[in-house]
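Chains here go by letter, A, B and C, matching the order in which they are written, and residues are numbered from 1 within each.
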Amino acid sequence: MIRPILAALVALTPALPAVAQDLITRNRVGPEDAEKSLSFRLTAFDLYSSDPATREGFEALFTDFIEAHPGWRIDTQLSTGNIGQEQARLLQQTQAGRGPDCAMIDSSQIALFRDTGVLQPMNAVFDAAAVDDLFPYVRDAVIDAEGNVLAWWWFTDLRVLYRDTRLVPEAPQTWEEAQAAGLAAAGQGSEGFLFNGGRWEGTAFDWLANFWAQGGRLVDDAGAPVFAEGDNRARMLIALEYVKGLVDSGAAPSRVTAITDYDAFNAAAAAGSAAMFVGGNWQYGQLRQTLPPEDFAAWEVSELPGPTADQRATGAGGWSIGALSDDPEKIEMCALIARDIYAGAGNALQGLLPTSAGIYDDYDVYAGPEYDLFAAALENGRARPGAAIYPEISNQIQIMLGDVLSGSATPEEALDAAATAVQAAYDRR
Amino acid sequence: MTGRAGDALTYMGAALVAVFFAAPFVWLLSLSLRTPAEVYLGASRLIPEAPTWGNFATILRDPAFAIYLWNGVKLAASGAALAVVLAVPAGYACSRIDFRAKPAVMLGILAVQMVSPLVILIPLYAWIDRIGLLDTDLAVIAVYGAIGLPLSVWLLKASFDAIPIEIEEVAAIDGASRAQILTRITLPLAAPGLASAFILTMIMNWSQFLVPFILLESDANWPISVAIFNFAGSTSASTTQILAAACIVAVIPAVAVFVALQRIIVSALIDGAVKG
Amino acid sequence: MRRASPTPGDAPALPWLMPALAMLALFYAVPVLDVLRLAFSDATLIRPATEVSTRAVAAVLSNPALPQVLGTTALFTLASVIALQGVGLAIALLIVRGERRGLRGMTALRTLVLAAWVVPGIANGLIWQILFSEAPYGGLNSLLGSVGLGPVAWLSDPQMALVSAVIANTWQGAAFSMIVFYAALRAIDPVIYEAAEVDGARAFTVLTRITLPLLRGAVLVNSVLVTVQTLNTFDAILALTGGGPGRATEVLALFTFNTVFYNLDLAGGSALAILLFALAMALALVLWVTLGRRDMRA
């Protein structure tokens, strides 16, 4: 029953275009009989992307790379999009001695892998000058106390305020201005101001900019949670009151507690229902692709508003590459992949934001005015804290925001509950 | 209430059910026919302005996709067959033989299904590594066999229970052994039960993500339930339309097996009725 | 307990059970027992167990969020089990009646319901985000709006979010009950219905007096299996709300998922898994005793 169907499917399949057939297959880059091999776990975002342009670009980069390193073969392993389960699997495999030699690691997880002691320093490839050129928050995340380069964070991203200038002509600089602009837009039948408020990582990370802008800290130098103590407690409550005020006043719709996806903002922009939203820098290109040119021209980006015009912050994420093998040759290959394929050329190919200021000048794609804004805003970029407790802090912040925005708890109650839960989890480590 | 009025009511009920179950597919189809530019319109547009079959072509042209589908069918069907074969004697014993520990055995077998697969995942990885079966089809099939057992035992017991004991007693008087009675008389009568147990365990295996994800390391061994993630996501370009197409195509093999096996449930009964 | 076989006794059962028990022992028993060991340890995903302790169990039981999570689990499980079985039985009855009358389209209907079950989990997120979207252009709300109803706060309202989760779960899972009930209905001897027809019984009477009593065994088995499955379900909720807003839709299985994969707390997750296990076992026993009182051979 099934075989004939599959056979029919296969028969329908025309021959593949003969592009780099010999060098790149589904599970390897380089000649099959190469004497040295490196296993590399990567996401399906680049070399194996379903998007033809992205895939072809990376095939070219990988081909150049492997030709420059004769005798080598890269055995590729795909990781799935399930970050939580993927991380658990990678940890288990590494501990069982079956992990890859080199792996793509979400920037928020560098601290976790550092704490498990599996990341091998890449000092041989990245010298002091390369490290100095990194944005400060990137440098802090990838360098350990001894100055070793534990991973290479090869692209970053950030959150900015998008606005439809037909409804919000001037970029709001402060929270107060943002609420006023949202209310004014809502008065004209728009949904007003949209942001992530559902139960997912994006909600916590986007909102934390409001806490960081006031100088708040989530954890102390030892990695212990301090976000609900002393001044930090007051900052948390102020930041909570700000978003609660947006929803209570009607500047933001109550449906924000159900938004668990940045794509929802693209849809709202396309439907013309939103006046402003807190989105990722990558959405600029998506809007250009989606909106009719005359509508796209009306959308502009600006730095996230702060409590005052000179108190600003924005969350910055992205992906890194880390070496897990203890063979020096393999560590070097891994670092070279990060440097020669991904950082720089790989950034430019996908329009992703480089982590080194210098790279912006090397490629024409970064000439657009939006990149000037992104680069400027990155000066206030904040990474997730390099503490293993962060995922639980984020989880509790998501719950706190959901409860406050849906009116199920007051800010104080919700903050106390979050603090207790995080502390209990921290004490169990 | 026979005749036309009843038929009309049946159709109305069927229409309601069809709308509820079809609506989500309509949206999935809508996504799968979009160009990247239209994907971000999300819910704001149902019928694409520039529909394209290109996403399906991309999926079908990818030789790996057929391999993933085949891996999925192979693992799910083998695992289900293993579970059903092992469950036949156990289900028969639970239905036909009186033994004191029966409630304990039946609940004990069911208990396997009650342990959260999320947590078992980590010890399971270590255990399969210890017995040297990581990254083999055998490991996945064996674990599917174990996971599918409770369901199969319970369903087969219920379907053996529904077969009148008198039929077996006649055969026993004629001198047939219990094994002969089971294979010659009871099993053919229980064919609908066997078919539904196989269908249910196979389809549960088909949707399994965690077990193959943790036990199979190489992409070439992955079933579609794991490999479908390859079609998800990209940092700069939308691949949602391709993912949606992949999801639709991935439904087909499981549905085909179901349609084929449902005939057994129906035809076995018709045969039984004629003989009876 | 009535004598159910020509050769009763304890001894003959073991050889019949051996293949199944051996399979479970070889491939599943060790990991299952390991969960027990881990619950009484300090293991995390990063670090193997170093001590035997009851701290994880104590921490789980004293977690202030636990009562809310258990309440949500109870509501979600009860509503889902009723909806899954009700919808599954209704569809099975429809199809069996349709087939008996030779109506067209019954295979297509059955296949459609099944297709919902086999859609890869990742599609859930794509589909339901669109349908339940509360934007002015959201799928269901536009539909309701066109007949003058709504809008409904499908996912942003804490109570409604749980209802939406049950709806999505029913869409995905009803096929299981449908297949079980369909096979059971087809196994009923048509002669019984012919006799009822001759006696002039009304359809409703036939359903309550003949069909449902004959389905008793199938209902029992299905209730137990569906309850156990529902308790372990979390992917539909994860795709829909992630457990939010707040903790409004966070069921025990999702709570366990978060404990293991967010918090990396393997010991705590194992303790929760045992709690989940105890709940499932207790519910299975209750169902067995109440539904299976009469007429079951167990």
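Methods note: a residue touches a chain if its C-beta (ideal position, glycine included) is under 8 Å from a C-beta of that chain, and two chains touch if they have at least 3 such contacts.
Computed from a prediction, not measured in an experiment: that's the story for all the values here.
> Highest contact-pair count belongs to which two chains?
B-C
> If you average the Cα atoms per chain, which one ends up farthest from chain B?
A
> Quick one: chain A and chain C, Cα centre-to-centre, how many Å?
The answer is 35 Å.
> If you average the Cα atoms of chain B and of chain C to get two centres, how far apart are those centres in Å?
15
> In chain A, what residues contact two or more other chains?
In chain A, 81, 85, 88, 92, 264, 267-268, 271, 273 touch at least two other chains.
> Please list all residues of chain B that touch 2 or more other chains.
42-44, 122, 126, 229, 232, 240, 243 - these are the residues of chain B that touch more than one other chain.
> Using the touch definition from the top, which residues of chain C touch two or more other chains?
45, 122, 129, 133, 135, 137, 257, 260-261, in rising order.
> Over in the complex, which chain B residues touch chain C? Could you list them?
Chain B residues touching chain C: 1-2, 6-7, 10-11, 13-14, 17-18, 20-25, 27-28, 31, 42-44, 46, 82, 85-87, 89-90, 92-103, 105-107, 109-120, 122-124, 126-127, 142-143, 145-147, 149, 151, 153-155, 157-159, 161-162, 165, 168-169, 172, 178, 192-193, 195-196, 199-200, 203, 206-207, 209, 224-225, 228-229, 232, 240, 243-244, 246-247, 250-251, 254-255, 258-259, 262, 265-266, 269, 273, 276.
> Provide the residue numbers of chain C that touch chain B in the complex, in ascending order.
Its residues touching chain B are 1, 3-10, 12-13, 15-21, 23-24, 26-28, 30-32, 34-35, 38, 45, 87, 90-91, 94, 97-99, 101, 103, 105-107, 109-123, 126-131, 133, 135, 137-139, 142, 171, 175-176, 179-180, 182-184, 186-187, 189-190, 197, 202-203, 217-218, 220-221, 224-225, 228-229, 231-232, 253, 256-257, 260-261, 266, 269-270, 272-273, 276-277, 280-281, 284-285, 288, 296-298.
> Could you pull out which chain C residues touch chain A in their complex?
Interface residues on chain C, with respect to chain A: 42, 44-46, 48, 55-56, 59, 63-65, 122, 129, 132-137, 153-158, 161, 241-248, 250, 257-258, 260-265, 267-268.
> Which residues, counting only chain B, touch chain A once they are in their complex?
Within the complex, chain B touches chain A at residues 36-45, 58, 60-61, 63-64, 66, 69-70, 73, 121-122, 125-126, 129, 134, 210, 213-214, 217-220, 226, 229-240, 242-243, 252-253, 256-257, 260.
> For the complex, give me every residue of chain A touching chain B.
1-2, 5-6, 9-10, 12-14, 16, 26-27, 43-45, 48-51, 53-54, 77-78, 80-82, 85, 88-89, 92-93, 96, 98, 155, 263-264, 266-268, 270-271, 273, 282, 285-287, 289-290, 350-352
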